[in-house]
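Several structures are given next for inspection.
The two complexes that follow have chain A in common; it is paired with chain B in the first and with chain C in the second.
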Partner chain A sequence: MASTIAARPRSRTGDKHRLRPGSTRRRQHAAAYLFVLPFFAVFVAMLIVPLFYSGYLSFFQTRLVGGVSFVGFANYLHAFTDTAFLGGVARMALFLVIQVPVMLALALFCALALDSGWVRGSKVLRLLMFIPYAVPGVVATLMWGYLYGNDFGPIAQTLRAIGLGAPDLLSPENVLGSLMNIVTWEFAGYNMIIMYSALRSIPGELYEAAEIDGASQWRIAWSIKIPAIRPAILLTIIFSVIGTFQLFNEPSLLHNLAPNAISNSFTPNFYAYNLAFVDQNVNYAAAVAFILGIVIMIVSYVVQLSTQKREKNA
Partner chain B sequence: MSAIPATRTRAERRTTPGVRIGRRRKGREERRSSLLTLLLWVCGLYFAFPLVWLVVASTKDNADLFTSFGLWFGKRFSLFDNLATVFSTQNGIYLHWALNTVLYAGVSAVGASLLATMAGYAFAKYDFPGGRALFSVTLGAIMIPLTALAIPTYLLFSSAGLTNTPSAIILPSLVSPFGVFLMRVYAADAIPDSLIEAARMDGAGEWRIFWQVGLRLLGPGVVTVFLFALVATWSNYFLPLIMLNSSGLYPLTVGLAQQQAASAAGGGAQALFSTVITGSVVSVVPLILCFLYLQRYWQTGLATGSTKG
Partner chain C sequence: MLAGAMVLTGCGAGASPSSSPSASAVSQADIDKAMQTPTTLTFWSWTPKMQDEVDLFEKKYPAIKVNLQNVGQGAPHYAKIRTALKAGQGAPDVVQMEYQETSSFALTDSLLDLAPYGAGDLKGDYVPWVWNQVDQGGKVYGIPQDSGPMGNLYRTDLFAKSGITNAPATWDEYAKDAQAVKSSTGAYMSNLAPNDPGQLMGLFWQAGLKPFGYDGNKTVTVNVASPQAKNVAAYWQKLIQGGLVSVDPDFTDQWYQGLANGKYAGWLTAAWGPVFLQGTAASTAGKWNAAQLPQQNAGEQKAGNWGGSADAVLKTTKNPIAAYELAKFINNDATSTNQLATKQFLFPTDTTVLKDPSFVDQKSDFYGGQQVNKLFAGISNNVDTTFQWLPYMDYAYSSFNDTVGKAIADKSDISASLDAWQKELKDYGTQQGFTVQ
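And now, the complex of A and B:
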């Protein structure tokens, strides 16, 4: 304990404390542990234990004859040749490279525009864009499902009214795009608010000088504002990566409307759910969920690494 | 680089709220751009249009739903009839769902924000052995996909006899690693060390300092974590879907999804469409009101968290 303090001479408790008897410091440490204890008790019970249990389960198989047996990495090997699972991962990768950049670009554009003070009614707009975040994914999906629908969806109604044929937005070819639109609608405003909050925290002096020198707003946005909010942008990218690979609500609700377009392995997460709760194959589902977690960590890590490298080069 | 500006603006915000924004905006009033305004309002319409449709549709009966244009009202104004149907279908099960949602989301959000606030405060204001390691573990946990945990959690709860009880929803929702992160960042800025020192000099215990000095300064941060935990549990569909099997315990998300599936399967014969639509409207109103009512707090709270992500 003493070495921790000695190693960090500028510790927050300050120099005065080092001269005091150790009992004060020990009391403070005890208080700190008590403060974090409730969180970590729940954290271990609800996160760490299930995580390890999931890992444990993934090494077994349940057969009709012979019961549960240890199979090593067989479930994992099976996953890597399972076209249903790989198809879902590939679909989410496609989702990631199309939907996430579009959504974040839209969010960044809106955040910069609202921050620039050039837009009338910006306060109302800001809230308008954020409101979808308060709409549960289930409600958002069933709402968009009706909007897409041919029966009373306004999109089909409008197109029919002007004499065009209504496209089937829930057909197998179109459903991924329709899904991307739902997710963009749900989360663009949330990401916009995170970026906007970061923009508000940039001190004006940072770019007032550039303004006086006659730099254009585009240039200021590109060279000063965007670099200044890089941590916030990184945060939104990572959250979007995690969110994409975990998509469940939207495909599972659209599945009811368009069972032919949304297979039960449309997203890896939906697949894991169907494996565990429809096929009762818990062990394989655990392996699939585990691989999915590893994929998310790798992609998030790559994103972090690539932005750090860019920061160093800059 | 972001640390210094953020600390400064925080200090400014605390002493003179709104002044900075006013200063930045001064002399810019004429510099509105019509093009940018137009573009942004088009974006705004995109975000508003589905909800406008939903609200308009909730005023129609099933016949009008199919025969009138989606973005305008039908022949009859049936909102109140629809509301009556929503609350009376299946012996008023919707009210049960709504109360369940309030219970699950409310208890989870209070619990999660309390746990996250205490932990974040400790990480920010105490230098204790293992603190950094524990914080890193918490940060790493943000990346664990929650659904990867749902299946083993279900099995564990099932063997403990906890499935199909409210605890099955509330217990897993108490963990908010992102909340801890946000509170740590927020507490580091919002509570001056000198204030804690002064309280110690006056002989206050650590526990009392947290409750009487710390919490008071952490307001916006706590509201932010509370709201986001509230939304997370309120809109959670996956967890209650796997944990609960008696419909009397469902939250709104699972109940509405079930009704939607029934109306889709029945091809409209059951006339459930307007019930599902009106039920959806009712289910989103409370959260939207919460966000609008508390916007001053969560916008401040987010501003701090986002500068240091």
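And now, the complex of A and C:
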């Protein structure tokens, strides 16, 4: 109400027509908020409140003997000297640097191939590539766990049959690579679909013009298609960064198959889970989760910033 | 007698007044009344076919309805109980609880002391070492359900091929035989699971070690890296590094395959092992035999335990009498215990079943007609009675996997890893406010 009155003098000095659209817009705003409200209520109740609650928890310490006490930032400080936590973050950083580029390059290549129209039965192929994403992560990990098995897994058996020694794909040295493979298999198709749909929205005239100028398909892909879908690629990168640091299902399932190769702190998320539910240390787990969230925000921001800078330079 | 025991174990002064007068708190009239009042109990257990025993209970007490749920085995089960307790609702009345977990739940005051409900009188019905696992200074935190005294299951055919006629009597002999088995058949003597602390703790138990201690109050003892523990570690390290003992994680596909296809010539396991093996390695029927564990010195009869659980009542229950009667019925009623032992193959803790001919005289074709139950019933009497646990075994076992388990899996220095484990357990204890010795 107050804003309506305040707006009036301004409209009197200007064009008379402005008053009506202004009030319509306000009504639209109100309607918009009304539509957002149900989501917002759930968002606050299920995310914001728990977030604050775990933030609150992270400043305390619960001991089996002696109960709860306020410790300020002690849990956070401990995390920065906790080799288990730092090791997990470093492992995920390594994972990020190797797995994400491989997966996204694969996804981009497939998307470009499908989009070029040269691939026969592209609809079927598109579906096939996307299927791994539809397979639940639990099933996927169990399936790969079987494939990786050293005594009975088909990979090891095949290698042995052709006279090559079978590497133990679930050994402590190899398990990170095996995990990268699972995640790539699961998500390459998903990222491919995002890139592919972005490619489909590029107007065809651009290609025609390029073809008339004598550009090869490679050249078109490199100079037109990829720059045109840069926002989509950036999106997949950000998703992958977040997904990597939050890796949980795959290591926690492989943990059952290779208990000593995947430690309790293999990934930061798995560590937070074990802290909370095995070690009964909810407070420290909350602090670890918060730090992990901050790490993810920083890395995502850095990724975004660096690509934006490149866009400006280009 | 009760008070004396409590002073000896150093129970806090605050605990005794509350427990002594309540010793006769529940009269027969109270029990009768409770058992005739329509009640619904929730029981969390992962024991297969537990419904059969629950049915017996419901038949005897038609007013009581039992809601049996399986929420997972081991760690997930405990995590769910703790979550429900923390949430203040949704916790069951009766829970299956492994012996090593009891003190950690007792510490958080989550378990009902069953002594005032009459559990103290049951002491004589159970094997003494098993009873000590649920009885903390006169407070009874569960009714024993099953146990796992350890023995040695081995492949007679592979042993015969290696020129071995008898199960190794001593650990020295075991190591010598391992060499023979390896060179004649290529099989591993056995597998030491890097992910299963229970197995190595059972071997510690047999060696007479006391790696853990808890006074029921604020003082814990951590002694997992004692010279004797390192002796045991060094023994296994030698076998592992010599390629005589494998280090596959147990209860995984790879390990099941190994048991069935002769990768392992033996399995040092608990009394629940024989029947389990029968299901897992059916194709090797008749080729196995069971014996007691090899001993430090010839002629000894020492045993350890691996696994087993009790049924405990959570303090949050609204029907403590009925809940106690359920836990008691399952593990004390003659029909129920006999059925658990002979149909579900849980290894009994109840002395009546352990002497029951229908149990001990059973001959098993899988073991070439051997009376395996009789053997393990005998071994059960040789288990050291004073073995204790820490009140934070969840942490202890998960920390084991990252230290000792890792060293076993990597075939590296197990003794050094015991030091690392010792340090983690002490640090955690101190951080949790215990006095660590």
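By our rule, the second predicted complex is superposed on the first by the 280 of 314 C-alpha atoms of A that agree within 3 Å, B and C clash if a C-alpha of one lies under 4 Å from a C-alpha of the other, contacts with A are read in each partner's own complex, and residues count from 1 in each chain.
As a working rule, a residue touches a chain if its C-beta (ideal position, glycine included) is under 8 Å from a C-beta of that chain, and two chains touch if they have at least 3 such contacts.
Please read all numbers here as calculations on a predicted model, not as lab measurements.
Visitor: If we overlay the two complexes on their shared chain A, which of chain B and chain C does A:Ile212 touch? Say first, second, both or neither.
Guide: Neither partner.
Visitor: If we overlay the two complexes on their shared chain A, which of chain B and chain C does A:Arg63 touch? Say first, second, both or neither.
Guide: A:Arg63 contacts chain C only, not chain B.
Visitor: Using the touch definition from the top, say if A:Ile162 reaches chain B (first), chain C (second), both or neither.
Guide: In the superposition, A:Ile162 touches no partner, neither chain B nor chain C.
Visitor: For A:Asp151, is the partner it touches chain B (first), chain C (second), both, or none of the two (neither)?
Guide: both
Visitor: Report the partner of chain A that touches more of its residues: chain B or chain C.
Guide: Here the partner covering more residues of chain A is B.
Visitor: Quick check for you: in the superposed arrangement, does A:Asn256 touch first (chain B), second (chain C), both or neither?
Guide: A:Asn256: touches chain B and chain C.
Visitor: So, does A:Val278 touch the first partner chain B, the second partner chain C, both, or neither?
Guide: second
Visitor: Pick out the shared contact residues on chain A: the ones touching chain B in one complex and chain C in the other.
Guide: Shared contact residues on chain A: 146, 151-152, 256-257, 277.
Visitor: For chain C, which residues count as touching chain A in their complex?
Guide: Per the stated touch rule, the residues are 75, 79, 82-83, 104, 107-108, 194-195, 218, 249, 252-254, 257-258, 263, 391-392, 394-395, 398, 401-402, 405-406, 408-410, 428, 431-434.
Visitor: Which stretch or stretches of chain A touch chain C in the complex?
Guide: Those in contact with chain C are residues 63-66, 146, 149-152, 172, 256-261, 263-265, 274, 277-280.
Visitor: Could you please specify the touching residues of chain B with respect to chain A in the complex?
Guide: Against chain A, the touching part of chain B is residues 1-2, 5-6, 8-9, 20-21, 23-25, 28, 31-33, 36-37, 39-41, 43-44, 46-48, 50-51, 53-54, 57, 65-66, 69-71, 114-116, 118-119, 121-123, 125-129, 131, 134, 138, 141-149, 151-156, 171-172, 174-175, 177, 180, 193, 197, 205-207, 210, 231, 234-235, 237-238, 242, 252-254, 256-257, 260-261, 264-265, 268, 273, 276-277, 280, 283-284, 287-288, 290-292, 295, 299, 302-309.
Visitor: Using the touch definition up top, name the residues of chain A that touch chain B in the complex.
Guide: 1, 4-5, 8, 11-14, 27-29, 31-36, 38-40, 42-43, 45-47, 49-51, 53-54, 57, 106, 110, 113-114, 116-122, 124-125, 127-140, 142-147, 151-154, 157, 161, 185, 188-189, 193-195, 197-198, 200-204, 206, 228-229, 231-232, 234-235, 238, 242, 245-246, 248-249, 252-253, 256-257, 269, 272-273, 276-277, 282, 285-286, 289-290, 292-293, 296-297, 300
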